[in-house]
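Same chain, two partners: chain A is paired with chain B first, then with chain C.
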Partner chain A sequence: MSARRPLNNGATSAKSSPEATIPPTVRPETPSNDAADTTSARKQPPPEKPSDVRRRTYVILSFWLIVLLLGLPIWWETTTIYRANLPLSEMLDWADGKACRPVFPLRISIQANSLHEQEAQNLLRLTQHALDDLNDFSGHHLRLQLSPPAAKEAEKDDAGAALTIRLIPGESTTSTLDPYSPILDITYPPHTIPSATSSSSSLATYVASQLRATFAEEQAIISYLLSSDSMPSDHRPQGLTPEAADSLSKRTTRSLKHAPTYHLTFSLFTSGPLPSSWDIEAAIAEFMKPVLDVLSPIHNFTIDTQVQLYATPGVQNQVLTKEDLSSFINAAEWPLSPSIGGAPTVNFIVFVGNQTILAAPQGSPDETDRTSQSWLIPQWGTVYLLPLPSDTTHVSAEKLKQPLLTFTSHLLSLTGTPQSGSLPLRLSTLARIRSADLLLRASSTLGSLARLALALPSISIPESVADGVSKTMSHLRLACETLGGAEGLGHARIAEAEAERAFFEKSMVGQLYFPDEHKLAVYIPLLGPVGVPLLLGLLNEIKAWRKRRRERAEQQATKKKE
Partner chain B sequence: MRQLFSLLLALLSAASLGCAASDYHEQLVLRPLPLSTLLASFNFRSNITLSAFEAHNFDLFPRSLAQILQHAGTRELHLRFSLGRWDAQSWGARPWDGAREGGTGVELWAWLEAQSDEEADQKWRTLTNALSGLFCASLNFIDGTRTTRPVMSFQPEGNHPNVTMDNMHLLYGVLPHEVVCTENLTPFLKLLPCKGKAGVASLLDGHKLFDASWQSMAIDVRPVCPSGGECVLEIEQTIDMVLDIERSKRPRDNPIPRPPPGHELKCESSKSYHSGDTCFPVDYTAGQEWSLNQIFGKSMRETCPLTDPSVPPVCLQVPESRHVYLSHGAVEKKNPDGKSRCFEIEPGTGFELILPRLESDDPARSAAAEIITPETPLLYAERSFTGHGQERGGVQTILRNPSPDTKVEFIYMESLPWFMRIYLHTIEARIEGHSGEQEPLIKEVYYRPAVDRARATQLEVRMRVPPASTVFLTYDFEKSILRYTEYPPDANRGFDVAAAVITILNPEKNGTRYAVYNMRTTSLLCSLPTPDFSMPYNVIIFTSTAIALAFGGMFNILVRRFVAADEGPEIGSTIKEKIGGKLIKLLEKLGKAKAVGKTTVTETKG
Partner chain C sequence: MDGAKVTLGRTAALYAGAAVLRLALFTLFPGLPDLLTGRVEISTPVTSFKRLQEGLFLYNHNVSPYDGGVYHQAPLFLPLFSLLPSFATLPIFTYLLYIAVDLLSASALIKIADSGEAGSSVHFTSPRREKRWSGFIVAAVFLFNPFTIATCIGRSTSVFTTAAILHAIAKAVAGAPFSAMVAISFASYLSLYPLLLLPPLLILCYDRRNALKPIPSRYNFAVSNVALVVGVIAVLFQMSRFLTGSWEFLPSTYGVQLTLSDLTPNIGLWWYFFIEMFDSFRSFFLAVFWLHLSCYVGGLSIRIRRQPLVVLTLLLGLFAIFKPYPSISDASLFLAMVPLYRHVFPLMRYTFVIAAVIMYTTFLGPAFYHLWIYAGSGNANFFYAITLVWGLGLSLLVCDLTFAVLRDEWEVERPEMVGKDIRQI
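Right after this comes the complex of A and B.
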């Protein structure tokens, strides 16, 4: 390797480096014989000392060692993005429904105080058979048990059983659902009791069909929830008709996201200055509080009320069509901001005005939900049009009765309570539906997070996200094991909250955008001028080394010839 | 929840009284000022009983604000949005004795109930963030560096019977850079029970309000416990604005000012050279004439039906001798003091008021007959920067007491950004023209030094100004250099320094009011040394080049061999040969990797 210089003879002042040992006799020729000189063979520099060659090799090697062993790790350490380890495959399993098979075992206890132990056991066995024959959906499972005859039903059975069947001897086979507690009374004529040997019994079939009818809606909703999610198809129940699925989907989109606390805002809007006060406290206490009390094991409610004058609706028509209803709420001017704090807000609006709603056409699926006075806005609340004489200054509690009853029934559908059955049954069903819903939501959030982490390799994942994910998964596991009980709902709730927190971690968004152009602008000015000499030096050294090896080989070959 | 309901039931009787009409009060006071300006003071006040407030039955009280107050444990709240400068020299004393105004930008102070300072800070953050959303203002930028805890300047206005003062934390935050605009007025109007749709509020309009020479919007929430009555939470909303009458009268569809045509010029006809083509303009204070429609762009709509009928909605402060034309249905009532008159408006009718020009032959007398001479304020204050350069500076406040016989004692409060490091030892107050022995003017200093990037400087000085004298209060400060990312996008504009708050103390120590007069100086613009913001890339490229130069030279010396000129490989001397040689080399390289260097001399020739 040598420093290549333009051989412009005298112009080149041969700077003598320590290595270039030039004897004084071989000075550049005079310009006159320049042309002749270039055509002749050039002088060879004296051969390099092996120690010099070795030293150059060492220099280049040490530079490269420093770059590789010190520079690269430092660069890697300082520029790498922290990505906490996420159990991606497990997360995706949850999202695909492979990790948990949601099963809702419902225990149903049978009280047959008038039957003998043996008879009762037999009846139970037959009924269980009949039930298993009827059931086509593995996720929802009814299991019968016999409660001890003398047990105090109130304390012992309610704890574990979803429903208690009381078998009472009577004249004909009838069944009545107790409206205030989860008890199904079935009367039976004594002769229908199956004998110990019979393999079928009309009473057993009757009980089974009654049970199935009672839980039909719950089963439909849960199977709808599971089927709309990305559950594997073998879990999917068959026989959900499109119409049923349609009405269920309407109902689920209508209901609010589950939260432990809901905030209810009652607002009185008028387009003019009157009325300016109302008896809302009395009306709520009288017409709504009983239902809120019943719902209190599942949800807490906070309430506030307001009166707003001079509120012009978004639509001024006298008769409101279905299209008008969506723009009736004047979102820009009406102060309906959601409440602060985490609780979702449900708005109940009494609008004083004599507008009427064009009745929905007969036979439309949601006809039952719509009177000519009010309409429900999915996941948001209800508007009730209250016609009043124009000089009313105060709205009495009596006049608020109808609006509040409407609000109450809408509140039930906004919270997603099923429509059939007695109230306690509906509420226990609500708890199960909610836990299934939360479980699925948390799982799908985990799946989204996993997909996000896979799709954006440059996103940083802080430790808190990994933490949230692990908490979510442990609670999901617990929830999956205890589905159907109160515990399951609690775990599902925590899992959902943790999953949301992990997904919406703020610091993940911050570093999302760091364009590659900036990296280029920072690296190129340094790496270009430093990297090129290093690289060329290495290449030349490799070439020289190969040349030396070849020469040595040739020398050896000639030696051998000799 | 059950508790809530039992509370609800218990309150039924009390709440059925609800929000009676007399709980709401609104009034507009119009006061013509010298120099063809008009002060319009809007005042709205409504109440809610504390029990109804705690039971969340907000009725006409704004629910959005009430929720914020409850969520942040706020006992008393004061929020100000201001713009412009009050010209005390010509306009005199401030409206409401300055109690309803703030410095330029946004000012917020509140008493929060909290057990500890940390809890108070937490609640303060909640409060500022929530208010920021409600009022579309950058209040969420009131962080630790803009928050102070004043010790002497503020006292609670309301009654706080159930709260021990130890648990009440006063926090004060200010955003001098905030530009107050229409988006702040809209939520302000939404808080009113009649919105902007009826009553005096129907005159408010963003175009006129923010075009005013000076304006201040205030929201005050405080608990009031009348003796013997139930405690109520009172919300008072105030808007004060000084309108330039000539400017306001410009038609809305043609807002560009143009020189008036010759026949509309008001000329001083007493001048000897007055003729058709020469005009000496008359003093423009003469001859104020306006109507509500002209200055606010619209007439007032029907009164808000919730107002207390005994309070007249509009008052005008002009000398008794002036005539006023009113719309149908309004009745004029002159006050016995001869300085103001109020108008009672029949429900359901609009209102319009025309103040005609005062025709008077004697120009000297007309000034007194036309407007009421403004009251002299207790104190004049101006504040400015002194010094030069990018390193140090000084602040000088000139405080003038116009009264010939009473001294003024007040608290001067500065809340300075941390990057202005003040030298407390340089603080000095001296009376103009006095030298030698005198009673010290500064009575007490409360100083809380700044912590870089964490806390603002807080300086409270209790001092006095003797009668008929001017006091200079000065101190020096050092400008610190900020980090690259701490500069705002418009760094060369400078940094706003909040107005100083001057609270003039009640001379009667046992008086009911703590302060008799409040005022704010103007805000200041402090320019800090600003770097060149392309600097990081310049630095990267410059250092890279230096490193590359040094490294390249060193590396080449270490690894290259130096030979004599005629021993090295030959390279063509002309450009053509050079390129030809390189091409051949390249071809050779492509053909087979061959070492270049000292051995290739002959090959390159070929």
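Right after this comes the complex of A and C.
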């Protein structure tokens, strides 16, 4: 009989099979000649040699030394997340509007050459009172000042003033806005000049109400911007009626997102082989360039043109209804690239054809935006239907006059220019609106970034983001101080660009969604199988070491007893 | 006397046969070398002959060979291949060089086998040592191994590393530490990973040298030899810098191996893993993979201290599986060393499974690669699955050989257990 007990021979264990033993094979039919079997059926393995025990300890130690001395420092070094310090509370202050009260101080100079200094001062004081009484929105200040008569010729240089009021003696109280320069002419009958002691004057009230009317739209737009943003309520203007807010929101959605540069694409589409050329360059130079030049402090424009023959529109009807307009653009076939070189594209399309547009029903809100031949597509551009004789081969600049004038007015509307007032006033208003808009947008981006950094403690924040944030904040501060001027717009523009760059930092975007469970999924599949034998080896070794120590202690105890 | 002559004659015939076979393959099938050069199983980014030619072209036109980001091999290859007549006009010289390198490897292998180190080292003598293969057979197995032949025809530069490693071992077995250290420095210079073979090689040198002529101080021996390796590598680096004009070659050769920046598929396990890896964990797992590769050195050297050649063999096997850019050339080096252990083959348990798995992957690997890259009917997982099975086959062989060697040791201590089955409790 050769039934043997498993023999523990760890002393000579193979590394691949640490506890190799003889299995308990039972083979009764083969009588064994082995002496060991006959003496004891269940043989214990010989004790491990101390040198073998030590060798095993060394082997385990060699693995653990690599893990502890190289593995751990490398793990620490390579997986530590770098988080640059962000001024989180300041960033949130900006987002909440606590850091900056957007105030637009508008200086309005009064030229009253025919009045005495004293009278003029008095009139100014009264008008200012009247204005302050009328004003319910602290963000938008109209400050009157008297321009000295000597400065009459230098009025153009007085860039600080948003508007100049010229008081001219006349027969009745009238006002006219100069269409080409920011000047409001007010005529007054001489008897309406207030005396030095009077506390009210009809002329002062009239001037105040005229001023207010002139800036009403700007005020409404700015207060709309502020109210749609997360401004604190005490700072929020109250006087916005729901209808006004509605029309303003419509206008805001129509206008393009602000960009320093817009790309204008002029396209001539025709459904047949003709016309095949057009005098677009001359037409642009003549009809559009002046407005582009005026807009140039706020935006740059790049222009390209194209002619496309045999272009079929998305709708072939002779009379286009309102529903047809949205599908008229054949987006699949017409080569209208969405944006060239990063700048947003404004498309102006002249379509040669004799389709007509069904007039909108009376009272439709869009009525004003559309002539019978053109329509404006929000944030995209304009389509103009140009009827031409079928044998026209060349479209002259003269024929393009009407389309280009339409395009120009639509461009102003697309850039978000207010609709009332003279052109210079509208443009200076546009600059102020844009700077407010950019300021708010940069602030809210900062706030989003701060909230992101707070919400995701495991996201890394590279130095470039901290840099961008500090640049944004310094430019925001400057913009806030110089709000209303050209400088303010420049700073707000830089601030917005920097904030966007910091927020969309490439290395952060990839980590936006990386919860801690993912780390488990990254570590476990490889390090789990590697770690288990390492840990078990260490545990066994510690157990064996404690056992040996106990045995030695017992031995010593028995020796002492003896 | 006669016997020696006969052996000499047989060896010469073996060399001649191997050389003729290779030359025939080179010349009779003119498309074959280029076909094999393009195979990912043979040419890795750090050994490819195509990339070497690119580097050579740039080098000969006085442009830094590393400028294109294609060449990742040691700079000293460039003057060597520039000295040969142009490959485009007279390829025969390149062929002859590769054949000569293979034969050099074989001669080193014969020296290792004939020393009998595998059967009886200084501290351990196997009771089975009589049953062994002569150097002739071991060399024949190496020279006619299809993997070796394919590597030679594919002109992978890893054959130079193979020759350097085998010569280092042969010199160590002969008790010549200086030559061994110089050879291992060359191997490390060419492909970095042989540096990990230094500890067991030092032990082997020490044992053999000590047996010939007692060495007074182990510590001095180790330090002086390590210093020698460092010195030789430093000299090689200086020469490389002199040749290329800058230290740029360091990141382009060793940097690529350390950071795995070229993710061209190969038969190893790294490329797929690092394609899938999150970027933020990439550097950590690179370190883990390299530590994994190097952590066996200490453990094995301590555990099988008495047979350092076994440690070297097992490490070569592990490198063939786990190194960053393995090719069948690494497997062929390992398979060249395995026949030295003919005497423990009877103790191995999975020889059939191992042979079957290696054959299976040898045929299916190229097929699946074709399905993935050319036919488009498979994807990367097809090829990766096969490389996993290939790794499994090789690791089975490594484990089984480890087991057999340890069992052999154990039976010397416990003679009564000879022939008994073992079981894990």
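Note that the second predicted complex is superposed on the first by the 422 of 562 C-alpha atoms of A that agree within 3 Å, B and C clash if a C-alpha of one lies under 4 Å from a C-alpha of the other, contacts with A are read in each partner's own complex, and residues count from 1 in each chain.
Basically, a residue touches a chain if its C-beta (ideal position, glycine included) is under 8 Å from a C-beta of that chain, and two chains touch if they have at least 3 such contacts.
From a predicted model like this one, the values you see are computed outputs, not experimental measurements.
With both structures placed on the common chain, the touch criterion links A:L70 to chain C but leaves chain B unconnected. In the superposition on chain A, A:A455 makes contact with neither chain B nor chain C.
Touched residues of chain A, counted separately for chain B and chain C, are more numerous for B. Legend: residue contacts after superposition of the two complexes on their common chain; A:T78 is shown touching chain C, with no touch to chain B.
Within the superposed three-chain model, A:V319 lies out of touch with both chain B and chain C [touch as defined at top]. Once the two complexes are overlaid on the shared chain, A:L309 sits against chain B while remaining clear of chain C. In the overlay built on the shared chain, the residue A:L526 is in contact with chain B and with chain C.
In the superposition on chain A, contact of A:V59 is made with both chain B and chain C.
Chain A residues in contact with chain B (one complex) as well as with chain C (other complex) are 6, 8-9, 12, 14-17, 19-20, 22, 59, 63, 522, 526, 530.
Residues 1-2, 4-5, 8-9, 11-12, 15-16, 18-19, 21, 55-64, 66-68, 71, 126, 130, 134, 190, 193-195, 197-198, 304-306, 537, 540-541, 543-545, 547-549, 551-552, 555-556, 558-571, 573, 593, 595-599, 601-602 of chain B are the ones touching chain A in the complex.
Taken in their complex, chain C has these residues touching chain A: 278-281, 283-285, 287-288, 291-292, 294-295, 298-300, 302-303, 305, 399, 402-403, 406-407, 409-410, 413-414, 416-417, 420-425.
Listing the residues of chain A that touch chain C in their complex gives 6, 8-9, 11-23, 25, 34, 36, 46, 55, 58-59, 62-63, 65-67, 70-71, 74-75, 78-79, 460, 510-511, 514, 518, 522, 526-527, 530. Chain A contributes residues 1-9, 12, 14-17, 19-20, 22, 26, 28-29, 38, 41-45, 48, 52, 56, 59-60, 63, 265, 273-274, 276-282, 284-285, 289, 292-293, 296, 300-307, 309-310, 333, 335, 337, 339-341, 394, 521-522, 525-526, 528-530, 533-534, 537, 540-541, 543-544, 546-547 to its touches with chain B in the complex.
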